[in-house]
Structures are given as structure tokens and as C-alpha cells.
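You will see subunit A twice below: alongside subunit B first, and alongside subunit C after that.
Now for the complex of A and B:
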């Protein structure tokens, strides 16, 4: 964290020192800002709309809204199906976060410090579930479970989620590992610390922000995951996005809005937590 | 990296094993099995006599319907990518060049907020916006601009709008990184030599950001052609894309072999895109080393 901040400072100062006042061209600048604000509206309006419909009391989509009520939230929290799905999603997300964080952080450690041959290829492979269609991961796992006749167990779903969330943990942990000074570990070694002690007292505290950021990404991605879940959930034991999807196919009332708001709020709480604890900026590069 | 380290794998290398096992069992094995299933006549577990066949692939090529599905998928992917680039670039440029730290943080939040809202939720949002009685149509009608609702949903346009909204943050984040690395003094030099800001952008910044444009476009295209939720809900089960067809083969027809063959086709397209994406990003880092 500190290294990035200090290295970016001199560059900014350099830029400032050679700056020559530009001739003012207000129209171009106005157009540029107007276009960007329109794009921001496009990005954010749908999220605002969801909140509006969650609070609007009419049983169908109506615009402009006629009032404010919490009836859809009541319906959501009273619905056994939605509540079951919400808890199941949380359970899967927690299990996924644990496994993806442990596996991903140790893999990143091996990749950054283990002198493995072909590191670049291994990293590319480990990040590939991000770009390869998740629906294929779901399909392939579904076929495998059918062939092996294991049914659709929760661990099978968690394994699928781990596969698609692991890349985030690997990436954020690698980013921190590449940034930090290996001399700290060498110094501890010279002072007589055992490798285990170095790991727990030097390496782990230093890579913690990266691991934590990855864990939070893993949680959110798992909580919102759809394509893998679609193939791997069993009827009656569905995750929240799958339940929402099935509901959306037939109904378009405020319950979906309320459910959406609940999941948005949950994601935001997690992200604000992330921003407060470790800062976002360094970890969102794709 | 560290000079003291030897070039042979050390004890830490063993930490790769759990992930390697996960990938072997839950990624390579399933995809391998999918490839095998795509060339078999049936499920070898329940059917005693299965034979090698190319019929699933032949069916895809012989029937114009399936070629049409593949083409629709690619067409939607291409349009989504172009629109995402057109609206993602200005925002990425602003994010990369904005001086205020707070401003940058706010823009980043605005770009991440949609990403943190699940795909199903965002598709629901677009359904409420684009349906016949949706926000867009009701607003336009109450303003007297149209008398009949525009057909926005259940069309390819609707699908593209939804997909652009979902994938534009990926474009913005990829581009911001690349534009941020371009030395701003190059633009200033061009302007000092008399170029307008627009011309300086066209002749300096834009060419230098080409690898980012390529990488972002490949990423968005790869994501868009594998989307399922948005095309099925905004297309109202009327527009068929490859992922929809794949799921339909499993859920309605239970034709695992044909689904596997379709999956392999989608996988090959995606693999080509992933390799091209890595090449493009390689170009970006190569460029940085030169500077």
C-alpha cells in the first residue's frame, strides 16, 4: 500500500512541473463531461430503479411510483423459498470463501516464492476460469457428477464456486506478494527466525490485505454467481440468484426488487468494509 | 526476483498442490469428459454399448438453425463489444486523468457498483426499464413523444443494452489501467506544438491505448458470448444464443452429447479469445518496459 503511494508521487510532481496552461476550449470540455455524466447515469440508473420498485406498493411495475411501502420486503422476508435460498446462498458463499482463500493464497505464495518452472503458464491457467464461460464450467461439472453418479451435493456446488472465485484471490495475493520487499523475510532469517515463524510473523501479516481483498471478492462473486449454480443446484435447494431467476420468468413484482435491494446492500456492506480495511484502488485492476 | 534464491523449486512450491488438485479434478477432468461425451453416441454409464461418433458436430454444421444460433451469439457479442468500447472509453479516460483523489474514488465506486449487483438483479432492472409498460416507454408516452410503446424488450437491442450495462465495467477497468500508463506529457507536447486537444487525443493517446482497446474488447466479447441470464430474460425465450441452446439441450432435451459438442465449440471460441487477450495485455506490459 505504502509503496504504491510513494512511487506515484514523484511522477505526479513531474507532470505538474512541466504543465503549461492550455488554451481554454470550453465546448470540447463540456461535451466530454456531458458524455461522461450520461454514461454514469446509464450505469447507475438501473440500480436506483430497482430500489424505487422495491419501495413502490403497486403489485406491478408502475412508473412514476405512487408511494413508499415496505410490503415487498415483508413478503420477501416472510417467503420460505426466498429465505431458504438466502441462507443457502450465504452458506455456499462462506464455504466458497474459505476454500478459495486458503487454496488461492497458498497457490499465490507458491507461485511468487516457490521458484516453480512455468509460472506464467500456471498463473494464466489459474486465472482462466475468469474468462472461460462459467456456463461451461457448470455444464462440465454437471456432466461429471452425472457420470460419477454423485447427485448434486452441496460440496459439488462449492467446488464449482471455488473454481470461479479462486482467480480473484490468486490475483490480489500475487499483487501484494510482488510489491513487498523480500529483504524483510531475509532479515528475519538472518536474525535466526525459523521458516515457520517467518511465515506467520512476517509474510502473513504483510500479504493479509491482498488475501482479505481476494476473500471479499470471492464472497461477492460466489453470492451473485449464477451460471455455475444453474447446473449444480438441486430442486428445493437453490441459491438466491437461481430462485430470483426462476421467479423472474413468471412474475415481475416488487418482491424481486426487495430481494435485489437486500443483495445489493449486502454486497455494499462487504465492499465498504473492504475499502475501510484495505483500500480498493490497488486491487481492482483486471 | 531475489538474487539469493536458487532456480530450483523450494518447499513453498508444494503450496501449489491443493489448487492443482482442484483444477485437475474439477476443471480439467470435467472439460476432458465433456470433450469425450461430445464424440460418443450415449452416456457410457447407463448404456453398455457406446461408440465413437461425429454426429453431434455434423448436426451442428448440417442444420442451418444451429449455424444461425452461433451467428446470432457472435453478432450480439460484437455489437455489445463495440457499444461497450464506445461508452467505456470516455469514462476510462476520465478516470485515468482525473486529478482529484475523491473524484477518482467516486468514479471507481460508480463503475464497481453495477459489478457488485448480481447479473440477475441487473437484468431485472433492465426488464423494468425496457418492458412495454416499463420506465422508458411510460416516460416517453407521458411526454407525448410516442403513442405506442416501443418494442425494446424481447429484441436483440434489449439484450445488447443489458449486456453492455453488465460488461462495460470490465472494459472501463481494463482501459483505465492502460490509459493511466500513457505519459500525459506526450499529449501536452502535441498540444504545445499546436494540436487541438481532440487531435492530440486522436494522434497520441488513442494509438497508444490500442492494446488496451484490444484487451478490453476481447474480454467483453468473451463474456458477452457466454452470457445466459440476460439473453434469455431480455430476449424473452425468443432469441436463441449458444449458452441458451446448451442449457436447453440439458434441461429440456437431455441430449448430453449434443450439449457437450456445443460446449466444446463455445470453449474453442473462448480459448482463442483468452490467448489473444493475454497477447494484447503482453503488448501493454512490453510497451511499458520500453519506456
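Now for the complex of A and C:
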């Protein structure tokens, strides 16, 4: 139809009608690609610098690097302090992920389904740790623990991390619940399923993408958490970010870079691990 | 296939996590010993290494106690946030400027009782002077660090830092957060004005010091000097001497006008329930053999006059009354009272 109409036009007009969309397209595509590349470079450049620093054999940052060496990785893995901090950070991050996920998902469900009075206020309160400077949260918790005379226990650190990671789980789970089709639960109910069975077989699988996304955020935020940990770590039980901070006050060598590379790899491994065990890909189906 | 693996892996994951959680939370309680615990602060780096490996365990063994060292900064806000009657630390180890701030807030006792710490009788006067809260167990000398491979020639005076030939390779500190920078500001008053408290002269001197590369941490300055990014900088002697034997083209200069002291100070908290042990710890840290071991590990000058260091260390550190007389102590009480005003002013200077 269009071909017929075009063929009836004079040759000059035909050319004009064909030319209109074409000139803008390559420029737009180029600009789009350039913008994407610029964003990628912006995001990945710090990681690249850290990797170069970690592999450079000199005990200071040097550009261009003078060679490739694993000496800083050797130093990192041979250090009892760094290894302890690494494992302790992982333990705290796993515990935080579990507590923040359970509490955050339950809270989101209650907020979405519970017909609670002042829901907006409750949501705002739950998200407030994101708005407060984390260092003040850490200091406030530290003072609370001191007042309670409980010292600086590991559960206190996990509680602090849970406080700052909870908003991520609440937010991502609420986002999934927003589009949730409650008729599926009603259908299961009509078929005689108990509330518990409905939760585990209908509700949970459907909100899983949001819960999982929140859990991943919780893990990464906890593993990298510095301001809250600064006040809550106890002697001999420092997390990796705190250990790195204390280390760089005295030694600014490639060990910091090596530790950062290990942290990045670990975070990546955890995301892949969650994908393999719990099914991160389901999030893509949203 | 992935679905078949899912439930099993999840169960394993949850079981492992739960075990890990219980283990992590319970471990400190299981490991808690009956011995009394002395809670102190301490540095990281080589200081932390030797304290953990030798000095600390030897103290624990001799005094039948546990030494719990907090090496995670910041110490002062933590001490401030804890109860005065049950402070988080028994002994505070930090630099003199922070000790003065702590003393002003009543968080630490201003003086150590010589009857309870007999080794106090053997320290150099600077270690218990009116510029010191508690006792200084070591000091570093703040002077100039220079590259020896750039043909700068012999540097003898602080004032050479202002020489135009060091434009672009001059190094200093972010004064509000670094005690070397703060001490240097006071030195500027002495060099170009009526004395340490002549802030106007110091500000004017800092203006003339630009362009200057400034860093937060002393460790960063060491690396900048090693990499050649700076050629002449303000630094403490241990930051240069610690690379002794590594053939680095760097050297420490003790300026003719004197070196500033960067004291390692111990104080005891008034509310400590471990006063006897705290005093014993201070006394222990002043023992000649402990002082020698630490001094030769971290290149700090010992405060105890009776310490005999090996020749290599003796040649460079402040180990005689003559060498110690070159030390210039900063009036941190005076400085802390004006810190906010000074911070604002120097921030304006270096922002411009």
C-alpha cells in the first residue's frame, strides 16, 4: 500500500520522503552508544585503577605500572588480621542478609496486606536509615549498647547492619507486591490450601524476585559497610573495611588494592552463588 | 537440573548460615576467660604486629590478665560516648593533641602517679612536661623528608620548604585532621612570627607555601615521597627510617631550628575498674627492655633515659639529653581551644 502510494509521487518528493528518517538515525545511535560507553567507563574505571594498583609491584601508586606482581595478594592472604577480617565480614554479611531479608520481607508483606493505619508513615520510618548519615546511626547504636551495658557484641554489629540494609529489602519487596495478583492466592484458598501453604507455594515464589534483589543489596551493603561498623566493631573482631581503613593510616601499599580486588570478586561470587542456588534469573522475568 | 539442585542447596545454605550465625554470636562468650581484662587502645602497622606477637602476650603472662586492644579509630568519640564510671578503655594510647582534648573533657586523668609507676623516674623531662597529659612513652621527631636523588642539595632549615624550587613537589597535610600538619602550623608561627601562638604569621606563611600537595594520612606522605611525587615534605623521622636498608632515595632532615615532637602518650581513665593493672601497664611500657624492642621495631625514640639502643638506631633516634633538647613541644591545650577557628581559616587558605 505504501509502496503504491510512494511510486505515484514525483521522483524528487520520493527521495525527500525516504531521506527524512535516515539522517538522524546514525547520529542518534552513535550518541546512544557513546553515552553507554562513557557510563561504563565511569563505572569501571575505579575498579580498573584498583586492579592496576593491586598488581603493580611498587609499594606506592604508580602510573604507568612498572610490571605485574602478585606480592600484594601474597601479603594479603598471609596476613592473619586481614584473613580474620575477611571471614568475619563474610559472617556478618551472611547473618545480616538473613535477618534483613526475613524482617524486611515480612514487614513489606504486612505493609502491603495488613491494612495497617499510617502505612505511609511506617514505610517512611523504615526507609529512614537510608536518609540518616550512617556514621550517626553507628554512634547512636554504640551509645545504646553502652547504656545497656552489653559491650560491642557481634549480634550488635549484625543488628546495626540489619538496620541499614532493611530498607533495601522492604523497598524491593514492596515493589513486587505492588503488581501482585491477589486472585492467585484467592484461587488457592478456594481450592482448600491452608494460609501457610498459600504463603510458601503461591506468595513466596511470586515475591521471590523482589526479596532476592533486596537480599543481594543487603549482602553487598553489609559486606562493604564502614560508617556503622566503625563504632560497633570490637577489639579483635574488626570487619574488612575497618581493617583496611586502619591499615591505610600506616601503610598505603598495594595490599589495599589486593584486598579490594578480593572483595569485588567475593561479591561477584556471592551474586553468582545466589543465582545458582536460589535463582536470581527469576528477577529478570519481572 | 538447576531446579533439582535448588532445594538441597538452599537447605545446605540455610543450615550452614544458621551454624555460622550461632558460632559467630556465641564465640566471644565461649572464649571469654576468667582473667581480668585491661582494655587499651593501640596503633596498627608494625606497632600492632609486635604488640600482638610479643609485648602484649608477655604482659598478659606476667600480670595474669587479658589485654584487649582496640586498634579501630576513632578512639576519642568512643570514649566520649561511653559512661564516665565505666569507660570503654582503661588506658588510652594516642597522640598528645587527642590526649589534651580527652583531658579537657575529663575523660582521662591528667597525670600519672609516680608512686604507682616507678619507671616514671627514668623518663626524659619532655615525657612528663606541662605540655603532656599522662606520660609520653615514645616520641617521633617531625622534620623534613627529602628525596636524595633530585639534586636538591643539603637542606638544613624549615624555611627551605618555602623555596620556589620545590613548587609542585612540596608536601604537607590536611591540617584539621592531621596532627603533623597542626604541629607544623605552630612551627610556622615560630619561624615567621613571635612564636607558636602567632597564628597570623602562620597563616601568612601557609599562603606562601602554595602550591603544595596535601594528604590526610602520614602513610600517604611516605608513599608520595617514595614515588617521587613529592621531593620535600613535612614528615616524622620514623616515616623515613622505617625504610632503612631498602635503598630508598629518601632521607630525614632535622632542621636547625629544631624538630617538633610527635608523642605517643598513655593516660588512664578516671572510671577504670582496673587502675592497678592500668598503672602496671604504663610502667611495663616504660621498661627499658620493652622500650628498646619497640623503638627498634618502629623507629620511635624511647622516653626512658636508661634505654640503650643498638648503634644503628642510636645514631638516628633521640637517645641523649643533647638530642632530646632539640625537641619542640606543641601547646596542644592552647591549640585545641582554637581548633575550630584554625580549621576554618586553613581550609579557606588551601581551598583558594
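In the analysis below, the second predicted complex is superposed on the first by the 225 of 286 C-alpha atoms of A that agree within 3 Å, B and C clash if a C-alpha of one lies under 4 Å from a C-alpha of the other, contacts with A are read in each partner's own complex, and residues count from 1 in each chain.
Definition applied: a residue touches a chain if its C-beta (ideal position, glycine included) is under 8 Å from a C-beta of that chain, and two chains touch if they have at least 3 such contacts.
Quick caveat, the model's predicted, so the values are computed rather than measured.
> Scan A:59 for contacts with subunit B and subunit C and give back first, second, both or neither.
Touch status of A:59: second partner only.
> Which partner, subunit B or subunit C, touches the larger number of subunit A residues?
Between subunit B and subunit C, B touches the greater number of residues in subunit A.
> Answer with first, second, both or neither: which of subunit B and subunit C does A:230 touch in the superposed model?
both
> In the superposed arrangement, does A:95 touch subunit B (first), subunit C (second), both or neither?
So A:95 only meets subunit C here.
> Looking at the overlay, what does A:238 touch: subunit B (first), subunit C (second), both, or neither?
In the superposition, A:238 contacts subunit C only.
> Which partner chains sit in contact with A:139 here, subunit B, subunit C, both or neither? Use first/second/both/neither.
both
> Contact-wise, after the overlay, does A:160 reach subunit B, subunit C, both or neither (first, second, both, neither)?
It touches subunit B, and subunit C stays clear.
> Which partner does A:186 contact after superposing on A: first (subunit B), second (subunit C), both, neither?
Touch status of A:186: first partner only.
> Just subunit B (first), just subunit C (second), both, or neither: which does A:114 touch?
A:114: touches subunit B, not subunit C.
> Does the superposition put A:253 against subunit B (first), subunit C (second), both, or neither?
Touch partner of A:253: subunit C, not subunit B.
> Same subunit A residues contacting subunit B and subunit C, which ones?
In subunit A, positions 60-62, 139, 142-143, 146-147, 149, 230-231, 245, 248-249, 252 sit in both the subunit B and subunit C interfaces.
> List the residues on subunit A that touch subunit C in their complex, please.
58-62, 81, 88, 91-92, 94-95, 98, 139, 142-143, 146-147, 149, 153-155, 158, 230-231, 233-238, 242, 245-253, 276-279
> Within the complex, which stretch of subunit C touches subunit A?
2, 5-6, 9-10, 13, 17, 20-21, 24-25, 27-28, 39, 43-48, 68-74, 77-78, 81-83, 86, 88, 217-220, 222-224, 226-227
> Once bound in the complex, which stretches of subunit B touch subunit A?
1-2, 4-16, 18-19, 22-23, 25-27, 29-31, 33-34, 37, 43-45, 87, 90-91, 94, 104-105, 107-108, 110-114, 116-129, 131, 133-135, 138-139, 165, 168-170, 173-174, 177, 184-185, 188, 191-192, 196-198, 219, 222-223, 225-226, 228-229, 233, 243, 246-247, 250, 256, 259-260, 263, 266-267, 270-271, 273-274, 277-278
> Over in the complex, which subunit A residues touch subunit B? Could you list them?
Against subunit B, the touching part of subunit A is residues 15, 18-20, 22, 25, 28, 32, 35-36, 39-40, 42-47, 49-50, 53, 60-64, 102-104, 106-107, 109-111, 113-117, 122, 124-126, 128-129, 131-137, 139-144, 146-147, 149, 159-160, 162-163, 166, 170, 182, 186, 195, 220, 223-224, 226-227, 230-231, 241, 244-245, 248-249, 252, 256-257, 259-260, 263-264, 267-268, 271, 280-281, 284-286.
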